[in-house]
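First chain A sits with chain B, and in the next complex the same chain sits with chain C.
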Partner chain A sequence: MTAVSPRSALSNYTRPARTRSSRLRWRIERRAQPLNLGLFRFGAVFLGILLSLAVAPLFTSASASTLYSSMWSGTLGTTTGLENVLTIAIPLVLCGLAASIPYRLQLWNVGIDGQIYMGAWAASGISYHLTNQRSFIIIPIMLLAAMVAGGLWILIPTLARVFLGVSEVITTFLMNFVALGWLMYWATGPWYAPSAAGGVFAIAIPTQADLGLLNVHNVVVNWGILIALSLPLVFWAANRYSRWGYEITMIGASEKAGRYAGMNVKRTLITTMLIGGALGGLAGALNLMGTNYQLTPGVTNNTGFNGLIIAVLAGANEIGVLVLGLVYSVLLSAGDAIQVVGGSADMVFAVIGVTLIFGTFGEAYARLHLVRTRPPEVPATKPVDAA
Partner chain B sequence: MSIADEQGDALALRGIEKRFGELVAVKKLTLSFKRGEVHALLGENGAGKSTLMNVAAGFLTPDEGEIEVGGRSISFGSPRASLAAGIGMVHQHFRLVEKFTVAENLAIGANDVGSVSTPLQLVKRARALAEKFDVDIDPTSPIWALSEGEKQRVEILRTLSRGARVLILDEPTAVLTPDEAERLCRNLRGMAAEGTTVIFISHKLNEVMSVADRISVMRHGALLETRHRRDCTIATLSKMMFEEHEASDERLRHQQRASGDEVLTVSHLSSRDDRDVPALRNVSFVVRQREIVGVVGVAGNGQKELEQLVTGDHRPDEGSIAIDGVEIHGIRSALRAGLAYIPEDRKGTGLVPSQSIWRNAILRNYLEEPINRRGLIRGRHARSFASELVARVELSTNDTATLVHQLSGGNAQKLLAGRELEQRRRIVIAVNPTQGLDIKAADAVRKALSEACDNDLAILLISADLDEALGLADRILVLYEGQITGEFTAEQADRNHIGMLMGGAKQ
Partner chain C sequence: MNDTLLVASIASAISSSTAVLIAATGELLVEKTGVYNIALEGVMLVGALAGFLADLATGSWLLGLLVAAFAGGLFALLYGVITVLFRTDLIVVGVALILVAEGITSTLGTSHVGQSAKSVIPIWNVPILSHIPFLGPAIFRQSIVTYIAMLLPVGAAYLLNRTRHGLNMKAIGENPDAADTSGISVIGWRLFYTTVGGAFAGIGGAVITLGIVKDWVSDVTAGEGWIAFAVVFFSGWQPGWIIVGAYFFGSLSVLGDVGQALGWPIPSEFFTILPYLGTVLVMILRAWLQRRRGAVSWPAALGLPFYRG
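Then we have the complex of A and B:
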């Protein structure tokens, strides 16, 4: 505890005031050797989730036991819950990758929602022209079209960033609204489908364009889950073992060193951003073909921004993206489940916010620590200078 | 102290000492400046000129000593306090808000501007100030639209408008075109004639001789001498600035080698810098096998541009660079032709501090077999390559997973130099390779360069340290204002003569 000056000292103005620096105090210092960053960030995220779970009953009318049991049955406790979790995980993991791959080069892909819209739009458009084709032709073409559309959607912000130095944070973000406008035009205009339920929906894609279902021990999910589970591993291996991975590791750590080594820095920045955009587009197509079956603004379901949070918390590690993607899918499913028993849908956003804050603190704690300092006592007499 | 002295001295520094950790930047220095004089402070890079003046202007707090203004001692504290006492400083890097107009920049922090002012009031105020101090500037222009010379005028006007009677300028002509520099010198003389004391930090001898009343020469943090201009010649000044000191006697003495074929051929190179000012003019030279060529000069005379061109990082406006007769165009072609490069910025350009030793070790050859095969970086080969390198340069650790930022400066440079100085290379570009290293590490790097040269490499050493260049190089080229103004073999090399050329004296 820091010493508090006695009250009498206040009246004595002539006494030299104790300067701030002479007092014992706490100071934040960088650790010479950072602790395991990933471990602390992940640990803090899970701590945040546990804490949120513990206080959740205070904010709902339902009893704690109803709340927890509805969470459990809505996520991992039942087949339906598990199916829900895995279905949500597909776009979430892909969006996590869409953000984390550019993030390795310190680039921000804030336009994933836009890339989802454009991917879903391109896949829909292609499907309307291939209604006579069989699944194994139509599905690959749709996925490819979606990736191209997502890549093109990030191309202009990327070129502006690489050649003109325009911040990609702002441009990629604003492109989301352009994409939404584009989607609304098609879904309410040329591709409009009158819907009894209301809301904006385009004509449904042909049934042979729907993703097939996998049945593992009675848990039925569309096979997009295979893409979501395998792509993180593919990119993780590529980052670790390929020449491309080496280049983005070095350029991400120091652009100047990349240039020095003769790497084509601009080309690497561009391809990496385009990969991010393509993954966003792919997420859009998988949502369309596995969940929505028709083009609608609801095709994003806010996954773009959740993907960004996942990428940041995972520290751009692809395995981390996979794990956190699954964890967040559980959280989102639980959020759906508690609404039945009177919980608020906003609670899940609050929990995601809490995990983000905790994760950030966890990382800070791994890098920094508090030290108690007392500056060296000033000697009473100054040593005589040897003049 | 006599009364006449009190009236004559606008600013007096007494026994100023400033230390940065172990380094003593200014040693017990006493120096005074008269009212209405232009006083030049001359010295090599790192002589302590800027540190001394930052102390005088309140940007740094000295460890010892006192400052007197007009005979009264002032306390150290802040630039604001110094400005209130009448001492203002214009730094080499301007401290202006780029997006604001000239008038707005002049108003920032000014005491006579109310908390609510219309743009028109500010412009009027700026116009009045410009007229009062006879500075030619458009108050409505935003800073970013101005040339460097104009920005400098805004800085000077801002400093004067705060009541500065002592104006300190840190290498004011470094950022200016020759025309602008000439104009500045005229303005400074005008200000001095009206009673302002102008202190002018420089290392350009010609300029100093043309504008200053008195000249003080600093070396290694100490004042050598203060003289009237009439008692100086360019030769005496350069002798004072660059004279060899005893400590450097044990430096590596170069031995004459039998140089071989031409490796690096630089012909008729001309280039402009970022500000579109000519930085190199018609530069031609060759570097042969088993030869170290040293390029010396005061910083800012085209060394940076020369470095960027010979490493392939920039393309020349005119002229060409060839390695073994093959013209290079770009970094990659320079690498293929056998270029090795030890940049000044070792932790950031030459090495990636946040990555492991092995990832850094393969930075130059990650594309070559056996490390790279079919697009895969093979960790086993990469690590064994790194282990060999680490053993060869005798690094403090032999764990190649260690991150480079954990290495000391000396060990980092060993790693970098060891990676670059390889038999397969043809030409080494080394830029200030021993800067910031302790004596032992610096000697190790010099020895490595010398040995590499014996092993058939050609070496181009771009150095701000004249002693180092003289100790290592077989030939010395002097670069001044983008031109090679002198060439010497090791036997002919005469410090004083080279020093004069570095300062801009005609040969």
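Then we have the complex of A and C:
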């Protein structure tokens, strides 16, 4: 007689299915048919803005009514407010384009602030040599110089990305610090202008280089606004109707497909990035010639980052960039306005970040849904009979 | 260059690399599981302010670091939930959270700008080694956290290469489908390590406010989060190279002080941009060398959202 070991006694015992796995569980899954991405993204952005407005009084010492009335009068409620909004919109829309055009190829231009610095620097530098020239000569030359400088500024990260696969997200961003250092060197060194108010300012650009003013129904804005309003339309048309636009759409959808179709993928990637850089430089020049009139680090105020956000929320659609650029200009002007009643201008950055997160959530909701399912039953294995 | 200056420069280079070293090690762990936290700069800022405020409130740098780790971890978990769970774009959310962090920290920190930390991370002279003539003062008279930071990549290397869990982590980053099939929770571990990496970055930020700069100013991290992010790319996802990258950055950032001390006829702005420009150039150089060797080493699923089936 052999002793029955407890182990063999259990050999006919089938373990009951684990209760945990057969429970109903929440899971996030892809929708079979995604909802309208753009609609949900835009909707979520506006929801985010409304929510931020609703909680804004909690973060400031001012009363809600003072806060809202100062926001209104600082943006759309008064002529000065409207002028502020439109002036801020000029660089913002251009930066939105500077990010959105590379973004169509899944390329990230995170270095727009650097391109703004370099554009403004180049425009200043060339204007000092053209002090005797008339406006219609000096202004185009300055704008051109700014675009070349912005394009050159993104050249090294672009080549590194296209030929060596170095992430352009990091390199373009780090180049911002380099551009700032470069600007500080010129503004505190060779072009230094003593300023009574403090802060770093270079010598003012010649007055005939200042952008002229437009007066529409007593709303006075420099005519850079015409560039900001028309360029999105130009690029929208170019993307839809030109060969370049077609190549971008195709390569953006699939680099391989583009290559098989005989397109020069590398050339398209490079030109697209350079155009993005040039637009960043142009934004810098317009800021310099329209608002600052002196080279200063204040020539950009996170405008590049905000432009990137606009481009992403607009889904790289140029018309969307224009619309969202105007919306965000209202937000930024409101941020400036509430400073007077004790709000913090930095809070606007947080608000913009929050709206961006809302936008991505909206897009996620259009793509994904939450389902509650039971995992499929695992067929129970037959117990192995002892031989 | 005389000896005293050289010693002081080396010591300063090592101490100013600490924050980047800690943050980059944490980021390495995150990226090994296939997620990159591009909001690192924001996480460091949050940690820097949280640690600083906790230090002011309690007068203890250790509590400051713990609070920084907690705040950084929480902020990174938010990033993880938005990107990993809801499968949104890493870069978009990263940029958004950096802006959120900048806005919140500058707003909350306004009244503390320029204030000094109450208790700073103390210096520990290693008993015997600190008396070695040249090397002692250069290397072995650092803050306690600096020594720990040096060991972190070693620990990360051990975790990744010598433990079963480390292999699972790498499996999640290289082939999440296979890992999922073998019963590893891909989403769960990705969220876990995003949080851990955030805690590292939070401590890194607090090391700046409590050990390096020792006070609070808006945007105190000044791009160090981005440099830590770049150091991970530069390292080729190898812990040993993280140390090299971080100390390379530290050396560049003290070069300005050396130049000033020796009266080099070079504008100070050049030295300010050197760490950033140097990081870019080194990344390009390394990619070029790797291209020639034909070795590409990033985790295969890095940055890709995970869907089952």
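We take it that the second predicted complex is superposed on the first by the 354 of 387 C-alpha atoms of A that agree within 3 Å, B and C clash if a C-alpha of one lies under 4 Å from a C-alpha of the other, contacts with A are read in each partner's own complex, and residues count from 1 in each chain.
Note that a residue touches a chain if its C-beta (ideal position, glycine included) is under 8 Å from a C-beta of that chain, and two chains touch if they have at least 3 such contacts.
Because the structure is predicted, anything quoted here is derived from the model rather than measured.
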- In the overlay, answer first, second, both or neither for which of chain B and chain C A:Gly262 touches. first
- Query: Given the touch rule stated above, what does A:Tyr192 touch, chain B (first), chain C (second), both, or neither?
  - Reply: neither
- Message: Going by the contact rule set out at the top, does A:Leu356 touch chain B (first), chain C (second), both, or neither?
- Response: second
- Query: On chain A, which partner touches more residues: chain B or chain C?
  - Reply: C
- Task: For A:Ile170, decide between first (touching chain B), second (touching chain C), both and neither.
- Result: second
- Message: Just to be sure I read the superposition right, which of the two partners does A:Trp26 touch: chain B = first, chain C = second, or both, or neither?
- Response: neither
- Query: Across the two complexes, what residues of chain A are contacted by chain B and by chain C?
  - Reply: none
- chain B contacts chain A in the complex at 64, 313, 331-332, 335, 341, 343, 345, 348-355, 359, 363-364, 366-367, 372, 375-377, 379, 406
- Task: Using the touch definition up top, name the residues of chain A that touch chain B in the complex.
- Result: 33, 241-246, 249-250, 253-254, 256-257, 259-262, 385
- Which of the residues in chain A come into contact with chain C in the complex? 28-30, 59, 108, 110, 156-157, 160, 164-167, 169-171, 173-175, 177-178, 180-182, 184-185, 188-189, 302, 305, 308-309, 312, 344, 346-354, 356-357, 360-361, 363-364, 367-368
- Query: Which of the residues in chain C come into contact with chain A in the complex?
  - Reply: 38, 82, 85-89, 91-93, 95-100, 102-104, 106-107, 110, 218, 222-223, 226-227, 229-230, 233, 267, 269-270, 272-273, 276-277, 279-280, 283-284, 287-288, 291, 296, 307
